[in-house]
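Multiple structures follow.
Each of the next two complexes has subunit A plus one more chain, namely subunit B in the first and subunit C in the second.
On to the complex of A and B.
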């Protein structure tokens, strides 16, 4: 066999031999297994991944009948990022009618709950219009984004400045105060949009600012679940492990920092999450085979631990895909096929 | 020569950010007539390396990392006091910031903490920093290295701007440059002419120490 064309994690094309791909697949799964203390992929699974990479076709897919649900987060943002000149309503129609999206997410360009709070009454009528011209379930989503609660963007002292200065106590207090404000904002916006007809709420990129961010997501979910027993809540993560920016934050007796997807999903279930969106970040210096094997190892363990539907995050820099605004088809299709065929997942 | 047990205890004292134990080990080692640099290179530096590694794996968290850094700073002072003048090394000086148009600073904060933990003098000039400001600050503090961070594909071009502006000002040879951030790679660093690329906080320590020599 000659060389196989694949890519590095930043999208740069690279030709590799089958032996090199096999070695990267083994190293990628070993890295995930070691970090997450989870099983590595077995020989049959690695053989299957090698087969997927070896396909001479630019685009690969699953067999009929093995398709999974495609949920989308931040869809309008992605279209605006590509500078396609459509408004949000048209964007969601395009996703539904042209791109085959099974669910739609009406996110605001300022994709965080805090800035949406003062303009939520402008979001509600647009949601009503979207609901009247689409059929697929319409989700409303945003990020907890705890970074917006510290100075200069928010009221609390900035832990990223305090911690390097050694002002640990002040930093921890700042995180704790930010959680409470963030929970209030998430519950306020989510309640307003749910009561206006949103079919579901997405808390997206949870944990981006560390364990406090994850705690805010869990607490808000718990409150929303109690307030609206029938609500659908999708919780999507930011990375494969919860960064310990605070380090001691707990929810229901479990320390959040350092949790990997198979542990995160158990807390998400307990909080009342309906659909969990785990993440594995792409290493831009490693090859796609390395990244994909690593991502699938984490996601497989998460799917096996879950009792709720799991929709793995696939896209720019996550799920084994390259860090490109619009990941190349060869990578996107291979990662999606591999994820569906190896993990017991419910959607992408 | 540092015995195995002392090395183990020194590493543990740093990982556990046990200041009293670290100071006790250092004093005992120096009072026994040993070269203080040996306990630093064989015990405490591997200890702070272990801290960085555990942080990267989600086993140790930022406040712990900073407390380990504090302990490291204290033992470094003791080691330096015991060294003859000619063996004292000038610590490397780093200017670091997030480039213009990018307000993400969580990752940079971690890098700053770990660099300081490793004895480097770090001037953190914040986020959304103009290219000119990086150069001004580097000249002002006589930096060895300028580090730029970016999380966005739309702002990584400012890392290239820094290379151009340094050349334009005739200062390119005066400073080493290192780039980092989620979309950044070694290939990007080579393409724009940066001296190094760091994959994560721990790698930034290794690369900057290599750059300083």
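On to the complex of A and C.
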């Protein structure tokens, strides 16, 4: 066999031998297994991955019958980013009728619960219009984004300024206060959109600001589940590892800092999450085979631990996908097929 | 957009081209895992699980059952009308359908 064209995590093309790809697959899965204390992929799974990467075709797909449901985050933002001048309603019609979307997701340009709160009364009638002209389920999504709650963007002292000054207690108190405000904002906005008829709520990029951010997502979910027993909540993570920015945050007796996806999903289930979206971040200086083997190892452990549907995050820079605004179809399609076929997941 | 299109073609269920929206509804309303959701929808539609991603077979099924079409004809159920039929066929509550009934005083 000659060389195989694949790519680095930033999308740069690279030609590798089959032996080199096999080595990267083994090193990628070993890295995840070591970090997460989870099983590495076995020989058959690595062989399957090598087969996928060795395919001469420019685009590959899952075997018939293995298709999964797709959910999205920030859909309208992606169209606006490309300067396609359509309103969000038309954007979602395009997703439904032209892009084969299984579900639709209406998010605001400023995709965080805090800035949406004061304008939610403008979001509700637009959602109600969207629901009247679409058939697929419509999610409403936003991020907890705890970073918006510290100065100068928010009301609380900035932990990143307090910690270098040795004001540890003040920094911890700031995170704890921010959690309470974020929970209030998430519940307020989500309640409004659910009351307007949303099929589901997405808490997206949860944990981006660390363990306090994850705690806000779990607490808000718990409140919403009690308030609306039939609500569907999808909770998508920001990274494979919950950063201990506070370090001592706990929920239901479990310390959040340091949790990997197979541990995160158990808390999500307990809080009342309907669909969990785990993440594994892409390393731009490693090859796609290395990144895929690593991501699949984390995601497979998560799927095996889960009793709720799992929709693995496979947008730019996560789930082994390249960090590039223009995902190359060769590795993107291989990543999609590999993740679905090995993890036996429920969606992407 | 390349990401959404790639996944839709490589791994997705096809949305309204097939039965992707219907299978998604079972994950949303009942928290079903993918195999259970597919089996449930296939039984309700009277098709094989393998047919759920076939756009030709599913267009016929959707038309026969009034579940909404990618290219709706004049007079065929669309959008909210189709969702009324989906809720009844799949025996699930659809939030916006329930809200519509309340607001239209037909609950």
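In this text, the second predicted complex is superposed on the first by the 347 of 348 C-alpha atoms of A that agree within 3 Å, B and C clash if a C-alpha of one lies under 4 Å from a C-alpha of the other, contacts with A are read in each partner's own complex, and residues count from 1 in each chain.
Heads up, the rule we're going with is that a residue touches a chain if its C-beta (ideal position, glycine included) is under 8 Å from a C-beta of that chain, and two chains touch if they have at least 3 such contacts.
All of these numbers come straight from a predicted model, not from anything done at the bench.
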After lining up the shared chain so the two structures overlap, which partner does A:14 touch, if you call subunit B first and subunit C second: first, second, both or neither? neither
Please indicate which partner A:329 is in contact with in the superposed arrangement: first for subunit B, second for subunit C, both, or neither. second
Quick check on the superposed pair: does A:198 touch subunit B, subunit C, both, or neither? Answer first, second, both or neither. second
Touching partner for A:285 - first (subunit B), second (subunit C), both, neither: first
Subunit C versus subunit B, contacts on subunit A by residue: C
Looking at the overlay, does A:210 come into contact with subunit B only (first), subunit C only (second), both, or neither? first
Now for A:160: first (subunit B), second (subunit C), both, or neither, which partner does it touch? first
Which part of subunit B faces subunit A closely enough to touch in the complex? 55, 57-64, 66-67, 69-70, 103-106, 108-109, 112-113, 116, 124, 153, 182-188, 197, 199
Which of the residues in subunit A come into contact with subunit B in the complex? 8-10, 12, 35, 147, 153, 159-161, 163-164, 166, 168, 171-172, 209-211, 241-248, 257-260, 281, 283-285, 317, 323-325
Contact residues on subunit A for subunit C in the complex? 59-62, 64-72, 75, 78-79, 82, 95-97, 99-103, 128, 131-138, 194-200, 230, 232, 274-275, 308-309, 314-316, 321, 326-327, 329, 332-333, 336-337, 339-340, 345-348
Given the complex, residues on subunit C that touch subunit A span 1-17, 20-21, 23-25, 27-29, 31-34, 37, 49-50, 52-53, 67-68, 70, 78-80, 82-83, 86, 93-96, 99-100
